[in-house]
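Take a look at the structures below.
You will see two complexes here that share subunit A, one where it goes with subunit B and one where it goes with subunit C.
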Partner chain A sequence: MTDEREITLTINGTEHTLEVEPRRLLVHAIREDLDMTGTHIGCDTGNCGACTILKDGEPIKSCLMFAAQADGAEILTVEGMEDLPEATDLHPLQEGFKAEHGLQCGYCTPGMLMAGKALLDENPDPDEETIRDAISGNLCRCTGYQNIVSSIEYAADELADRTATDGGAVTAEPGGGDGPGADDAEAVCGQSECCGGPDADLFERDYPTEDTDT
Partner chain B sequence: MKSAPFEHHEPTTVDEAVSLLESLDGPTILSGGQSLVPMLRFRLANPDVVVDINGIDSLDYLHEEDGYLRIGALARHADVEDSSLIDETYGSFADVAPLVADPQVRNRGTVVGSVAQADPKGDWGSILLAHDGEVIARGPDGERTIPADEFFLLPYDTTLDDTELITEVRVPTPAPREGSAYHKLKRKTGDYAMAGVAARLVLDDDDVIETARLGMTAVDITNARATDAEAHLEGERPSSELFEEAGGLAAEESNPESDEHGDAGYKERMVDVLAQRALGDAAERAGLVKRRVSQ
Partner chain C sequence: MSSDHENAPEADTEYQHAEDDGPQPEKHCGHGRGGMGEEVSRKEDKRFITGRGNYVDDIKKPDMLHCEIVRSPHAHARVKDIDGSRAEAMDDVVAVLTAEDLLEHDLATMPTLMDDTQDVLVNEKVKFQSQEVAAVIATDRYTAKDGAEKVEVDYEVLDPVVDAQDALDAEAPLIRDELDDQEDNHIFDWETGDKDATEAVFDAADVTIEEDMNYQRLHPAPIETCGAVADWDPGMDKMTVHMTSQAPHAHRTLFSQVSGIPEHKVRIVSPDVGGGFGNKVPIYPGYVVAAAASFVLEQPVKWVEERSENIQSTGFARDYDMTGELAATEDGVIEGVKVDVLANHGAYNAAAQPTKFPAGFFNIFTGSYDIEAAYGSLTAAFTNTAPGGVAYRCSFRVTEAVYLIERLVNVLADELDVDPAEIRRRNFIPSDAFPYESATGWNYDSGDYEKALDKALEMADYEHYREEQQRRIENDADKLLGIGISSFTEIVGAGPGEQCDIAGIEMFDSADIRVNPTGNAVLRIGVQTQGQGHETTFAQIVAEELGMDVDNISVEHGDTDTEPYGLGTYGSRSTPVAGAATAVAARKVRDKAKSIAANELEAAEEDIEWDRESGEFHVAGAPDRSITITEIAAGAYMNHPGGEEPGLEATNYYDPPEMTYPFGSYIVVVEVDRETGEVDFEKFVAVDDCGNRINPMIIEGQIHGGLAQGIATAMLEEVTYDDNGNVTGGDFMNYLLPTANEIPNFDTGHTVTPSPHHPIGAKGVGESPTVGSPPAIVNAVVDAMNHAGVSHVEMPMTPDVVWAALDDAGLAHKPAQNVEFEFDGASGSADD
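Let's turn to the complex of A and B:
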């Protein structure tokens, strides 16, 4: 039984059948066998959260589980976010990270998005403390976390706005349209079909430093 | 690093698991994997055979029955955190569950796996000690009940036999005037404890402490009780002076080591402070909380 064994993983709605050794970690199966490198490996020891995925809706660290143990599971990775029902071009969380500068190097981002997704699925209106708790298993060496918290708040507001205006139906507004932050961006760059992202002027804002802790 | 190759067995019943443990050579039990997987990867553990118990559905429970809160081997930390049973009545459980690791680890790691891991920095051992808990083990010769007091031997070493599987840990359901609490000091969110103290108090009708228990985390070679402090508390009425004295005694009884988190003297001081806070919360909960009668 050290031999390879056939398993089936449904990742982002697509079924994949693969042969794995019992010692194959889920994260390696996803990244190396299936070539989906959106899920990152930061530490390989369960500490950083970069490898976070949703397994049957729950966030777990895919470096702390063997692939064979996930046989038959439904898995969501960052690659699947833009195809979720609540996504337009991007998922509101991804829009949030873009609009609120929720990333710098981006290494932690896939894990942060997964942790954020798990949180909003369970609690669509989290306060700051709840958000910080939900991302407490995810390390970021760049942002100081403040903007990650704002990014998740952005997504929560965006999803709430949609529910309020159209009962949750998906609107096709590129760049996250009416979420907080987008107004700023539009005011500065003034283009109607703009990405909703930052204009050079926004970089002159005072950003919190890394002293702001999770 | 990759784990060394191993055979992966997935029993679906306790009987099947126990007979695998008996018949296979050098098996290791895999539960939540939140400690074992990194140990396999660093080759600190090199079993030829892994008996994965995640498919034994009968071990997935957390409920009150026959005067005990029973936690099955597959109850995850998150199950305790989310359980409607775990409120002020089980104050120390409510305190500790969200303080273990982080949300992802809590979704996989189990209470029983933590106890089996016997890491002196693990939180659950202290809770079990403070609650006069028991470990229920199944082996080739049947079932055995091991008091928590007799379970932990050394770091990562317990009185459990290689052919035994823990099916459950349990604690008596709280007495009518019982309160408990857990306080943990850690460097950052999600870390293991630098020091931790679980306290449990049972009061009699005259507000005298009938039973006192203190379980300490990360300040000895195993999770350990502070028995001198417990003896000092019993027979007295709760007061901040009494708790200060007990905190001092617990600090004296602890044996922390200096490391990058702090020196031994600092940690002893923290045991004192954490014990006082945990006792304060426990006393308040013992006095104020209306008990469900569930025995």
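Let's turn to the complex of A and C:
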């Protein structure tokens, strides 16, 4: 192989140094060189979004970028979601997809989770149209999208609940302070009979906070 | 159609959970049993949401090689020479394979599911664009691609023919000249029903109507393409193929037949599969090439398609050009139906149907209606297009049949000026007429069509929209309203072995349950999931039938070395066939459990009863003297009754006595923009009846997904060709899958009419929405323009197609040339 070059990718917090041909696609570097096969490939034209990852916080299609272009980047893939500060056992988005039956064959799911994460980082309380727009670069052949939208809404509610409970200490993105504060609990919790106060249950659970995480 | 049947048990009438409209079962919370009717969350989800799925392309083996296929740029051409030397000279290219190499191993051709013979790699003549011509095997994906570009093929280009009608012309180029007795491009003619009786009905009828309609060529297009990792083990003389397979056992038998490797030395593993929809039922050349290369090179070989290869060369669906006619009384009672079809099968007859049904179950075209006489004829033709005709979320052409009849009924309603809901009501098979034998010989198990329609009408607020539609017509509104109905009947659960087979193997299915000493169980099934949720729903059947907690049951599928033989998952057959096998096997375990219970409780076996509610066994008349399945499991291994075999397990191979007939009514309300031809969904109601329901959450998910595919069919998708046979709709830039922006929210509802012959009264549901929704959508769009005389619009109804229909009917609004902005003084600046 000609002209290999050394690049560094920080994926899910771990730094990897690898030698790649300049033409090697980022998705192949992730899947084949680093054996993280959660990120999928569904097309050859950048249309399906199965390969969506977050590069420096931005959702990108990793089949449309050379690995060398991502040299030095911080990358998040589905494998890293459970370790994010807002995750307990699972990330609220992962919980949402399970609770709302947002997946069937699961092939589009990692890309959908990434698109959902990018959206909620930017807009913690998106309406349905905004969610549909945010995932419109990701094709799903199985679900008809309705439950995927509900899954992302579930995660938004869950994150808002936690933010409310912790008085804003936990946000979807470290440093993003524009999530709804405790005052918004009533508006965002989504329960029809919401008492307007914090959910007692939530106090008993041990959510990591920004402080404890570092 | 029915068959004599010994092993068909009566439907268990003690089990009647989810009554329609009744209170729904509690959501399974992890403490209950998770039996029938509960919304158990899916066991398979965790690995998929955490990136731990294991799809074919995720498999990596030591020394694994990669295969890239060289494909023909021409649709019809003679291959004069293939020169692979420049590729072979490359450092990391290991081999270049052509038909010549495969001939040495007797692997040059493979049988299709319709018993045609397809070249694995082109032997003499290319018959469709993207056909497999050569294969390059290299140490990595990129080099294999580089190598493929260096393979030089010398073609003599021939005239292609892509249209089925043109192909039947006497002057048309002969596509299959390698076949001795093939003198034209005609494949077969097929007939169904009674021609004379039907003609007599038509001659005497008050009214007849006729409509031409095309069901365009579609592709199932699962988001995961097809692929395989073949691994020949020279030490064991064993071939393992991990492949995207909806029917692993059938593929094992076919692989063995093609390769000559004895079947017990072939293992097919279908790991996680990223959607199938019928695309992964046939065998494709890529699988065979990977296996051949692994055999020759004695290393694992991976082949994974790109999207364009998937759409351009693997099994397409539909492509039926249909003319339908109805004969009716002046009151709109349908007396006869006639249909004539021209089917484009592509370059090989590679449809996926039971072999006795060359046109699949197309003769279900009498639909939900009690029609005295029916006649259908069909001609199939070869063309220079990719081979196919697979059952895309469909039981073998039922989709085309339902589209035909549901459109015709609407055309008749227009002709007689009867409301489309009313005309359906006048013709439904009455609910007390089941079991019902149709004019084409199908034996419908159960149905209550009017109930489903009534429920859908109510959910859709039908009358309101009819009034609104009228109002808009009167006001010459910019957006017309259209309301479409489809009251479809499905035919699924193939099928009775006497009638149904795949490549000669009867379409039974199987289940094997082994209860462990610690009281949990493993269920192995002959079907395979590509997202349908078998790992959950099949465990629920066992939970229901054995009184075990659903969390204590693992479901295994997709590995031919461990699973019992089955025919796979497609045509909504898993629940009707393997689900039945699972229930029967569980009941066999229950029977054995009774003798162990008797032993443990020191009672006579005849006195042991099983209580479905608690899931426990007890002594008749003494409910306190009870024992759980967990305790029985321990007894089976640690204290088994003398004179009996130890252990607690059972297997069932289930040959269904009949097909099952799910049904439903869908109502679609659309807005049609008279300026742009765009169609917006205002309301989308789907009422389904799939008999007894195993997991309502999963059923609803299946309905959503299938409706989205129905919308894709009606509005967007078509595999198109130009006159030279170039695929012009062969990737995701041109073959348009709907995104979240094109799919509306759906209102789903259900009724429950159990199947009388299925052990748990279930019918199967996966394909209903894909089958039932396209006619509802087309009926809605036509309905919006019907007052101006529009009787049909062809699919896919893209804005230009709809706009042309509006324009022809004098309904189009042309955009104003000079748009003037009017400002409302009160609302402030122009920025508002």
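In this section, the second predicted complex is superposed on the first by the 165 of 214 C-alpha atoms of A that agree within 3 Å, B and C clash if a C-alpha of one lies under 4 Å from a C-alpha of the other, contacts with A are read in each partner's own complex, and residues count from 1 in each chain.
Criterion: a contact is a pair of C-beta atoms (placed from the backbone, for glycine too) under 8 Å apart; a residue touches a chain by one contact, two chains touch by 3 or more.
Source: prediction; values computed, not measured.
Once the two complexes are laid over each other on the shared chain, residue contacts for A:Ile75 go to neither subunit B nor subunit C. Note on subunit A: of its two partners subunit C and subunit B, the one contacting more of its residues is C.
Judged by the touch definition given at the top, the superposed model places A:Leu54 against neither subunit B nor subunit C. In the superposed model, A:Phe66 lies in contact with subunit B only, and not with subunit C.
Once chain A of one complex is fitted onto chain A of the other, the partner contacts of A:Ile7 are absent, as it touches neither subunit B nor subunit C. In the superposition on chain A, A:Arg23 makes contact with both subunit B and subunit C.
By the touch criterion stated above, A:His101 is placed in contact with subunit C alone, subunit B being left untouched. Once the two complexes are laid over each other on the shared chain, residue contacts for A:Thr45 go to subunit B and to subunit C alike. When the two structures are aligned on the shared chain, A:Ser136 is found in touch with subunit B and with subunit C. Once both structures are placed on chain A, subunit A residues 21, 23, 44-45, 132-133, 136-138 are touched by subunit B and, in the other complex, by subunit C. Across the complex, subunit A meets subunit B through its residues 1-2, 5, 21-23, 25, 44-46, 49, 52, 58-61, 63-66, 68-69, 115, 118, 132-134, 136-138, 213-214. Residues 21, 23-24, 28, 31-32, 35-45, 47-48, 50, 77-79, 81-82, 90, 94, 97-99, 101, 103-110, 113, 131-133, 135-149 of subunit A are the ones touching subunit C in the complex. Those residues of subunit B whose C-beta lies close enough to touch subunit A in the complex are 2-9, 33-34, 37-38, 40-42, 50, 52, 54, 98, 101-105, 107-108, 188-190. Residues 41-42, 44-55, 57-58, 60, 141-142, 221-225, 272-275, 277, 306-308, 530-533, 697-698, 700-702, 704-709, 731-733, 737, 739-741, 743, 745-746 of subunit C are the ones that touch subunit A when the two sit in their complex.
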